Structures are given as C-alpha cells and as structure tokens.
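Think of it as A, B and C in the order they're written, each chain with its own count starting at 1.
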Amino acid sequence: MKNKNVIQVENLSKLFGGFAAVNNISFYVKAGEIFGFLGANGAGKTTAMKILIGISSPTSGKVTVAGFDVYKETESIKKNIGYMSQKFALYDDLTVKENITFFGGIYGLSKKQIEQKQHELVGELGLQEVVNSLVGSLPLGWKQKLAFSVSLLHDPKIIFLDEPTGGVDPITRRQFWEMIYKAAHNGTTIFVTTHYMDEAEYCDRVSIMVNGKIEALDTPKKLKEHYKTNTMNDVFLKLARG
Amino acid sequence: MKRFVGFVRKEFYHIFRDKRSLFILFGMPIAQILLFGFAITNEINNVNIAILDQANDVTSKEIINKIAASKHFSIVDVIQKESSIESIFKKGKVKAVLQFENNFGSNLIKEKQAYVQVLTDATDPNMANTISNYISAILKKYQQELNKNTSKNYQIVPQSRMVYNAELKSVYMFVPGVMTVILMLVSAMMTSISITREKEQGSMEILLVSPLKPFQVIIGKVFPYIFLSVINAIVIVLLSIFIFNVPVNGSLLLLGIESVLFIITSLALGILISTISATQQTAMMISLMGLMLPTILLSGFIFPISSMPLPLKVISNIIPAKWFIIIVKGIMLKGIGIGFIFKETAILVLMALLFIGISVKKYKIRLE
Amino acid sequence: MNIIFYIIRKEFKQIFRNKGMLPIIFILPVLQLVILSNAATYEIKNIQFGYVDADNSSTSRGLIAQFEASSFFNVSEKFSSEKEASQAMQEGTVDAYLNIPVHFERDLQKNKTNTIGVFVDAIDGAVAGVINVYITQIIQKYNKTIATDLIQISDTIQQPNSIDSIPLFWYNQTLNYKTFMVPGILVLLVTMITLFLSGMNIVKEKEIGTLEQINVTPIKKHQFIIGKLFPFWVLGMGLLTIGLILAKVIFNVPLLGNLALLYAYTSVYILVILGMGLFISNFTDTQQQAMFIAWFFVVIFILMSGLFTPIESMPKWAKTLTEFNPIKYFVEIIRMVMLKGSGFADILPLAIKTLAYAIVMNGLAVWSYKKTS
C-alpha cells in the first residue's frame, strides 16, 4: 500500500549554535495537496524548507520527502522535486529560451523533450514575442511565471515555492495561483511558503509557524472556526499575539 | 549637514559589519609588508654556481676558496667537462659556471696573464650581470693581493660612501614602494567596489534622488575609507620603523599629510573607476587588472624609471604612485622638507581634484 | 556528460555577452603585456653624475674625462663645493658625485696612492651597488693609464699579474631584459585573469541566488564544477596562445623548447589556479570578499615569484613559502622551456610538484563545495 504522504516530518529541529530556528516540528503533506507553510518573517519557514529541499541538513528529527530520507538520499529527493526561490532565480543574462534549455538539460531531459516543453511553456505563458529576449529585460510578473514553469519542466512530484508572489501586482498574483491550481490538478503536490495571509485561503491545508514551532495546522476553514475569525489574517494575528 | 552625517554613519556600519572584508583590509597590508620586508631583496645571496677547474693548481684553488667564502655564492657542483655545462643550465641547477683554463697557474707565472671564464645563465640578465661583476671584483681583489709586492702602480683608491643607506639595505627601497602600492590598490579598489555595489543593488538611485547633493554622496561614501586607509598607512609606517628600522629622517607630520593626500587621490581614482563600471565585477577587474601591474611596474618601485624607454617614462607620470614614492623616499630616507617635494605634492593635489571633478560631472550627467 | 555540456554552453554565452568585461579579459592583458614589458629593465643607464674638483689638475681632469666618455654616466654638473653636491643629491638631480680634494695630483705623485671621495645615492641599494661597481671600474682602468704616464725611471719595471674574467652570457647574449620579463609577465596575466574570473564567478551565482537553484537540482558536484571551470581553462589557454604569439612577433623572444611541452604544463597549471578560485569562492559570500582574498594572494604570489627579485636571495623560510606559490613554478618553467630549451626531464621535478598541487587544491575545493550545508 503506497504511502500517500509525500512529505513526512517528525520532530524536526535545526539549531544554529544555541538558537533553535526550527524547534521540534512535525507534520505531513499528502500527495496532490496544496500545502501552505505560513509564518512571519524569521519564524523558521525558510530554514525548514531548505531542509526539505535537501540543501540544509537537520540537527535532529526524521524527515522523508518523496519517500527519500533527507539525511542520506538528498540527491534522489532532488530528482523528484522542483523549486522556485524567493529571488526567482533565473539567469538575467540568458534569454527565455536559453534558460529553459539550460534547466531542462540539467534535469536530464532529452533535446526533444526540452523542445516540446519549451513550446508548451511559451504558448501557455504567451511569451512568444520575448522568447529570445534576455530574462533581465522582462517585467517582474513574467519572470515569476517563467520561474514557476521552469521549476515544473521535469514533471516533479512536488514543487516548493518560497514566497513566490513577492513584489507582484494583485492581478498577476491571481493568475499565478491559477497556474498553481492547474499544477495541483495534474497531481503535483504544492508546498508553498508565504506571508500573504489571504493566499492561505487558497491552500488545502496550512501550517503556521511562530518562533520555530508549529502553532496551528489544519484546513483554512477549520482554523477560522477554531479561532472564531473570518479571515486567515485574523487567525494569524491571534496566534502571533500569543 | 545632519543628513550627511547620518549617511556617513551608515557607510561606517556597512564596512564594520563585514568582518571578513575588514580582516582582509587590515590584515593584508600588514602581512604583505612583513613578508616583503623580510623576503624581497635585490641583493645576490647564496647564488648556486658550479666550478669547472681544468687547471687544478694552487692558484685556481685559492681563487675558488675566495669565491666559496663569499656570501654571494654557493658552490653546489663541481663538473669535469665542458659538455656538462649545458645540462646543468637546462636543469636550472646553477646560475653560473666558473671555468679555469688548462694552464691557469702556469700562464699566470709565465705570461703574467690568465683568464677565468664566467659562463652565466643570462636568461635573467640582471642576475648574470651582477654575478659577473661580483666575480670580477673578487678576482681583482685577489689580483691586488698578488701584486702587493711588485712596485705599486699609481693607485687612485675610491672611498665610497653610500648616502642615505650605508648598508645598502633593500628594505629602504622596497618598504616605501610596497606601502605605496598597497595603499593605492586597497583604496582604489575599496571605493570602486563600494560605489558600484550601491549601483547594482539599486540604492544609488535612491541616494541621488535624496536631498543630498551628488558631491555629498560621493564624499560620504569615501570618508570611511579615508579613515581606514589612514589607519593602514600608520600601521605600515610603524612596522617600517620598528621592525625594519627604516629611518624617518624628515618630518613625520609632513609624511602624514602627504599620505592622506595620496590616499585621497587613490580613493578618487576608485570613484572614477566606479563611474565607468556598470557592475561590481567590472569595477574590481579594472582596479585589479588595470591598476596593479602598471602601478608595480611603472611607479619606480622595482624598476628605475630613468632606465625606461621614453614613452614609458611619459606614461609613468600619470601613475599617482610614482609621485608618492618620490615623496615617501624623500621624507623618510633623505629627510627633505616640503620645499623639495613641492612639485610632486602639487601634482598629486591636481590629480585628486581632476579625478573628483570628472566623477562628480559624470554623476551630474546621470541626474539629467 | 551531457549535463556538463549544458553548463559549459551557458558559461560561454554569459562570458561573451558581458560586454563590459570582454575588453578587460582580452584587450587589457594584451595591452599590458605589450606596453609594460618595456618597463622592465635593471639596466642602469643615464646615471646623473656630478663632481667637485678642487684640484683642477691634468690627472683630475683626465679622470673626469673618463666619466664623460662613458655611456653609463651623464656628467651633468661641476659643483663648487661638497655642500652644493650634497644638496643636489637631496634634490635628486644627481645620483652620484665625486669629490676630488685639493692637491690631489701632487699627493698622488708623492705617495703613489691617494683617495677620492665617491658618493652614491643608495636609496635603491642594488642600483647603488652597480653604480659603485661602474665607478670603481672606470677608476681602476684609469689607474692603469696614469701608471704609464706618471711612471718615473727610478721605479723598477716589474709587470704586475693580471687576472681577468671573461664573461660569457648564455641564452641571452645581448642581456635583453625583455626576453626575461615578457614570459614572466605573460604568466602573471594568465594567472590573474583565470583566478579572478573563476573566483568571482561562483560567488556571483551565490549572490544572485542561482547557485541555490542549482543545488536543488540532482546535478552532481563534479558535473557542476567541471562545467563551471572548463570555460576559464579555455580562456587561460587562449590568453597563453595570444601572449606567445605577441612575445614572438613583437619582442622576438626565442622559443627554443618544445611548444607542446609548454602547453601541457600550462594546462595543469591553470587547474591549480582554477582550484584556488573555486576554493576561495566556497568560503566567501560576496564578490567583494572573494576579490579581496584573491587579490591578497595574487600580490604575495607576484612579488614572491622570482619574477622581479631572485628567489635565491630570499631567506630560507621565505624560500620554503615559495614552494606553495604556483606562479613561481610557471615563471621558472616558461623561462626554462622558452629561453633555454629545457626538455621534459629537466622540468620534471617542478612539473610533478605542480601536478601534486593541482590534485590537492582541486580536491580541497571540490570537497569544500557542499550542495547540502
């Protein structure tokens, strides 16, 4: 019987010197979910996420991602996940096409596959005009969507999005979330961190981190019921006030 | 004014928070001065040479002993035939081979004339020349001893006095030079990087749009580095005086003022570089690739400018380091006052003003 | 393997697209090699020479005439007093001066010997030493000639012994300093460019965030590193080629040895430098830090490389330090191969050390690069 949890975290801690950035957290993420990983700046979200994507090692605890252990099998994890960093890390001095080719190649896609993906991607995002323009010249919203699509090139099981909508206008944010829905619909698990509480409403389940600990973990609906508020924003304020 | 002070304070914070860079900014010059002061010398000591003594008589052996006794040479090989010479040169084992002809001793007695061949590996012509000169001097001294009992020729004996540097310490030459080179590179590099970093991050626009005038922005950015460089300069001078015993025959105050002037000129150069660089990378590469070699080679620090071909002599005039080295040597070693170095000082002042002027103008253009 | 190719392609695109850097990478080194090599000379020419002649005899004037005839000296001034001469030296208008005392000729004839004051500006000790040697040589030569003039019949004619040295300059008969300096400067330029570029390159990706992005991909460490460094290796070899051509065409530097040997060595050498660049970038977070560290080492390497001052003359501890200076090896080898025609066996000990250095350096660099921290 296949384990339906694509991410399994038990008693994860990460200490820097004496300081516990992540303090004994436990949660799981189901396949195909949109999981919101919320918290204020400095709550420990990014630290935790770095452990999940395999670029930081935990101090203690048991963590598996896509069925692989985060201590010993990081490279296998990376084959199965995609990542979009806060900085929308694409190469500004390469064209749209070149960025796609590069990341596709890194993930081991064949030339044919890359071409096909590129076609799809450019079509979907409407980037035909700028395919050969340097990414640095694109407006922020386009860069964002491009970065998201690039992270999906190799059809990963899970994608991790770190504050993907920072600095983007509301309409673009809306469009972006439509892209997220579509990916989730296709079976990709979405793990997204954000400090925009309204985006929490879009998730299947959310967790809220405060000072390294998970203080709340449930569907948005149930959280609002529990804290007797109308918006996730208010849920967060209640939690943050302690 | 208050805005300006606040701005300068922010710049100080930036610098002092970057511990790694700070360590390098101070640690480097110290490490380099220590290293160079003790290790770098133009003198010839313990050069490896080989002997090919085809005569093997009393005289040749005496001469060989004299040479072995000299601190300049170290006899590491004795070869038997001429054909071995090429191979030891190719292997780089020795820099010279002294060859005594077959009948060296008997030639000397019979014909009163004998020869020693000094074969040098002249890939390093300076070394080869110096080796030849030293060997020749040793031979001449030996010759003089031989001739002690024959009727003396009329002898004019030169009594040499090495002025300013009786022991011919190469440190006297190098420490001012190293001080200059390091100050110049660090200062120019620091400002150019600091300013382009703001440009890259986009905060430069904010600064330019602020009520601060472009002139104030630039001065504010540069100010902390003046402070840092002055500390560096002081440390270097202290090291020179107390560890290397380089004298300061002139006015310490004058040295200080001139150093500040030079630092300002170097910083201004850094600013100029930043105006033509779009990225940190470019600024750094220009400061390092563009400034380093010309400063080392054309400032008179290692190679005497008077020996250079004319076009290079002309170019050396635009290197600020050249003028400062003259000033430092003058004050520290010759003990001269402002009167003698007025020209050099004025040139530095002019350069500083020129660099600053061009930079301010370029920033003004950006605003328009 | 394919993956490495993707990285290499991206790197080359980025290098050549960086319009600001291209002249720095290619034109600047070329300019420097061509122009600055001419600065390198230890030949002492145009020695500014002055004198005080309180005697004004035929002997003293004859001596001065020797200096005027010499191509090394530029007899600029006759000073009226030692004080004036000393002042001129302070001002820097003379490099050396002679002080001929009053009654010089008379005392010389009486005592058969007399002293003459020689004053040399010795701030540059080595130059002063050479100037002193030249002056002494001229005086000694003059001694021989006046002996024949002033000799009196009462003196026993006994020929003195004469031991002369015959200097023979191998590999560089004309003592051309450029022959010596150009290969050395070329080494410097190749080293600087490859070190700075490789050091900054990875740090830049750290700064903009793409390094993190790459670390999340399943790319293997060695694939990434090889892909990143290979373009700079090519760049280094390219610069070497351009430099060698210029050395031959413009400076007529001989190339006695095997070109293939030189290239083979250089390919290993560049690996050492690239390893250093990578190593530095693993420990720094900003381009600025990387540059400062790289610069720190480069300056030390340059000045301790035997390029400008001989390694033989350094104290023992410094000589040991130079064993860790990669530039030292390259400078020595390029001179040996180009100017002396040294062969594989001749450079083997140095080459082996370089190879060991490359292995250790790159091993360290690769080991310290962590995809997971």
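Basically, a contact is a pair of C-beta atoms (placed from the backbone, for glycine too) under 8 Å apart; a residue touches a chain by one contact, two chains touch by 3 or more.
Note that the structure is predicted; figures quoted are calculated from it, not measured.
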Arrangement of touching chains [line / ring / star / complete / other]: line
Identity of the chain that, by mean CA position, is farthest from chain B: A
Centre-to-centre distance between chain C and chain B (centres being mean Cα positions), rounded to whole Å: 11
Distance from the mean Cα position of chain C to that of chain A, given in whole angstrom: 56
Set of chain B residues in contact with two or more other chains: none
Two or more partner chains touched - positions in chain C: 18
Chain A residues touching chain C - in the complex, by the definition given at the top: 53-57, 74-76, 78-79, 81, 83, 85-87, 89-94, 98, 101-103, 105-108
Partner chain B, residues of chain C touching it in the complex: 18, 20-21, 24, 28-29, 32, 35-36, 38-46, 48, 63, 86, 89-92, 108-109, 112-130, 132-133, 135-136, 139-140, 142-144, 146-147, 150-151, 155-173, 175-177, 179-180, 185, 188-189, 192-193, 196, 200, 204, 284, 286-289, 291-293, 295-296, 298-300, 302-304, 308-310, 312-315, 318, 321, 332, 335-336, 339-343, 346
Touching residues (chain side chain B, partner chain C) in the complex: 18, 20-21, 24-25, 28, 31-32, 35-36, 38-48, 63, 89-92, 95, 108, 112-130, 132-133, 135-137, 139-140, 142-143, 146-147, 150-170, 172-173, 178, 181-182, 185, 189, 193, 197, 277-282, 284-286, 288-290, 292-294, 296-298, 302-304, 306-309, 311-312, 315-316, 326, 329-330, 333-336, 340
Complex contacts: residues of chain C adjacent to chain A: 2-3, 5-7, 9-10, 13-14, 17-18, 208-210, 212-220, 371-373
